[in-house]
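Dropping the structures in below, format is structure tokens.
In what comes next, subunit A is part of two complexes: it sits with subunit B in the first one and with subunit C in the second one.
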Partner chain A sequence: MYEQIAFYLFSVLTIGLFLVTVLTKNILYAMTSLAGGMVFISGFFFLLEADFLGVVQLIVYVGAVMALYAFAMMFFDATRDIKENTTSNYLVFFLGGMIALMLVIIFIAPIMGDNIQSMYPPIEGAGNAQSVGLVLFTKYLVPFEVAALMLLVAMISGIILAGKKMDNSLTTQEDIIIEKEEIIK
Partner chain B sequence: MIGLSHYLVLSGLVFSVGLVGVLRRRNLLMLFFATEIMLNAANIAFAAVSYYYNDLTGQMFAFFIIAVAASEVAVGLGLLIVLYKKFGTLNLDDLASMKG
Partner chain C sequence: MDATVLPEVTSLGVVIKAIIILTIISAIAGFGTYIERKILAFMQRRLGPTHVGPFGLLQIAADGIKLFTQEDIIPQNANKLIFQIAPAITAATAFIALASVPVFPDFIIPEFIPILGGTFVPSIAADINVGILFVLGMMAAGLYGPLLAGMAQANKWGIIGSARTAIQFLSYEVVTGLSILAPIMLVGSLSLVDFNEYQAGEFTEWLIWQQPVAFVLFLIAGFAETNRTPFDLLEHEAEVISGYATEYSGMRWGMFFIGEYANMITVAILASVMFLGGYNDLGFIAGWFIIILKISFFFFLMLWVRASWPHIRPDQLMWLCWKVLMPLALVNILITAIVMMI
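Up next, the complex of A and B:
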């Protein structure tokens, strides 16, 4: 009973917050609603007894990724509304709705899953974090190390790309230009 | 009773929301937000399959998706900052340098 209430509540809130992210004009609203949606998605993970995945989702997505976006906001002008010429909104919503309908029809079809056997079932008597660690560090050790290397490369490239000409701020330059234009007028 | 189909349908709906964002937005930062939404939809589906088939492989793939998403954001935001320094805008229509 509680599971159903939680599921439907989280689904409505997640889809609503993500719709706000997709449809709003303000970047700050988009970012905060995206962070809220991520929190509710971690709620799904806790419902699915994937505790460690839920905690990782909270730490990495809501913590690290959102903090990175918030830092990047300082480079872009976040307070101004975005001006976009969105052409043919109806076509986009029609295509999105059709794809949503198609996915729903595919997913509510009965699943032929009788001959699917689980390769790594959760270990008896161990918690979720323990069994995840056992599988991750035995069967998935090489992908894990490759992921670590990928994160290192991403970190170095992020530092190099963003670190050039760090000493002059972009937004203050823009403000100075705007002020000069106003003085000329 | 909440079954696997419920979670898969939810994942499909969240994915479609992200897809509408990718199709509709012209700002590069908003495109990044929409890709995050789509990656999260895949994560929900993986966790649900992992729970209902009693197999930890789905959670492993979700972990790797989170790692890929984190590095994608790091590199992508660096590129966006370089673009913004060069052109002063993140609007895709203004960034179009080739006419065709």
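Up next, the complex of A and C:
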């Protein structure tokens, strides 16, 4: 009973917040509703008694959206609306809804055919984190390590891109000369 | 803990617990401002509040009346909705984080009270088995309050404040996570109750003796997490007026500070449960009393540090977290793992 009420509440809130993310013209509303939606998604994990995954969702996406905020701060004036080229919200709504529906059908169709069965049933007595760890380090060890390697590659390339001339000052030599000339004048 | 079976936790008990946490922690937050001013004054050879009531005690009431009756100003160009909900985010997440830490001891409401009599009120409102991660995640989400407040208020000091929030978050978060990893490996659980039971007995069992590095790292990251000096970049008066809180007044401003004090208490509880033996009995001192002593000590430590140390710059915080504390935490994890394997 409570679970169903909570499920529908979280569903409506999540979909509503993500709709705001897509449709709004204000960068601050978009980012805030994105963050709120991510937090509500963790509610589904808690409903399914996957506490660990729920908390991980919370921590990871709070940090991730925080980084997005930083970019929004650099590129936009957060208190003003953004001028968009396509002004038709109905078109965005229709296309987004259709794509979402298609995705749902694609993923649901094979599952609807036969009854859902868990491939790796949870082990008796093992906690949430232990179950995730067991599957991650036995069945899915290779994808897990490959993902870790990809993140490492991304991090190193990021450092190289950003840190090429970190020892030099950001003001170029010409700027310094111009400044000096202005002082002399 | 005891062999006696604990009574069943009812939803009524949890609701009562939630109300108790809300009221008492809010009151402590108000009282905390008085204590903070008195202790800072004592350390800096001043008197602090003296005029209102005995020892200036009624200063809390005066401040409260001021906060409640002050005009609620919303700046002209601000994003009104976000500006209004930002303080609520800070206060709400601080109290949600308190839901899954043990705050006061279990007790049963006496029978003679009508309706509520006989209800069992648990020590933890929501006893989930990933308690530590949940608390840290919620406290991290609390930083959305300053971030949104700064961005919504159409004020340059506010924008600087929220940019510093992002910097602070990206700096300390990795240190908090890595520093508690080593104790978690030792205990083998993410539940605060398991942490408490792991350290039952004499004070030689406390995790601080096994993990002194992790304790210091967690404490430093905790200072950054609660925006206490020396890491209060967000509202550093000398540099950015009041940072994210520049345009706020009245109760909305007050909510930021209730949230901040609630977070201080949460960090104090986490540090005492994870490293200092939690709410186990120590000799002849009862458990519920010893944890209040520990929490008070950490609260005092935060004020002590504030009185003793200057602020640091944002780049110094990043340097400290990424170049000093994170390698230390990694080395600590490696050594712990090697010792555990042998």
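In this text, the second predicted complex is superposed on the first by the 111 of 185 C-alpha atoms of A that agree within 3 Å, B and C clash if a C-alpha of one lies under 4 Å from a C-alpha of the other, contacts with A are read in each partner's own complex, and residues count from 1 in each chain.
Here is the rule we use: a contact is a pair of C-beta atoms (placed from the backbone, for glycine too) under 8 Å apart; a residue touches a chain by one contact, two chains touch by 3 or more.
The model shown is predicted, which means the values in this text are computed figures rather than measured ones.
In the superposed model, A:V20 makes contact with neither subunit B nor subunit C.
In the overlay built on the shared chain, the residue A:F75 is in contact with subunit B alone; subunit C does not reach it. For subunit A, the partner touching the most residues, choosing from subunit B and subunit C, is B. Using the contact criterion defined above for the overlaid structures, shared-chain residue A:V153 touches subunit B, although it does not reach subunit C. Of the two partner chains, both subunit B and subunit C are touched by A:V56. Within the superposed three-chain model, A:Q4 lies in touch with subunit B and out of touch with subunit C [touch as defined at top].
By the touch criterion defined above, A:T32 lies against subunit C but remains apart from subunit B after alignment on the C-alpha atoms of chain A.
Applying the stated touch rule to the two superposed structures, the overlap between the subunit B and subunit C interfaces on subunit A comprises residues 52, 56, 69, 72.
Here subunit C touches subunit A in the complex through residues 77-79, 81-82, 128-130, 133-134, 136-138, 140-141, 143-144, 147-148, 151-152, 154, 159, 162-163, 166, 169-170, 173, 189-190, going by the rule given at the top.
Every residue of subunit A that touches subunit C in the complex is listed here, in rising order: 26, 28-29, 32, 35, 39, 51-52, 55-56, 58-59, 62-63, 66-67, 69-70, 72-73, 78-79, 127-129. Residue ranges on subunit A touching subunit B, taken from their complex, read 3-4, 7, 11, 14-15, 18-19, 21-22, 27, 30-31, 34, 37-38, 41, 44-45, 48-50, 52-53, 56-57, 60-61, 64-65, 68-69, 72, 75-76, 82-86, 89, 92-93, 95-97, 99-100, 103-104, 106-108, 111, 113, 116, 118-122, 131-132, 135-136, 139-140, 143, 147, 150-151, 153-155, 157-162, 164-165, 170, 174. Here subunit B touches subunit A in the complex through residues 1-2, 4-21, 23-27, 29-30, 32-34, 36-37, 40, 43-44, 47-48, 50-51, 53-57, 59-60, 62-64, 66-75, 77-82, 84-85, 88, 90-91, 93, going by the rule given at the top.
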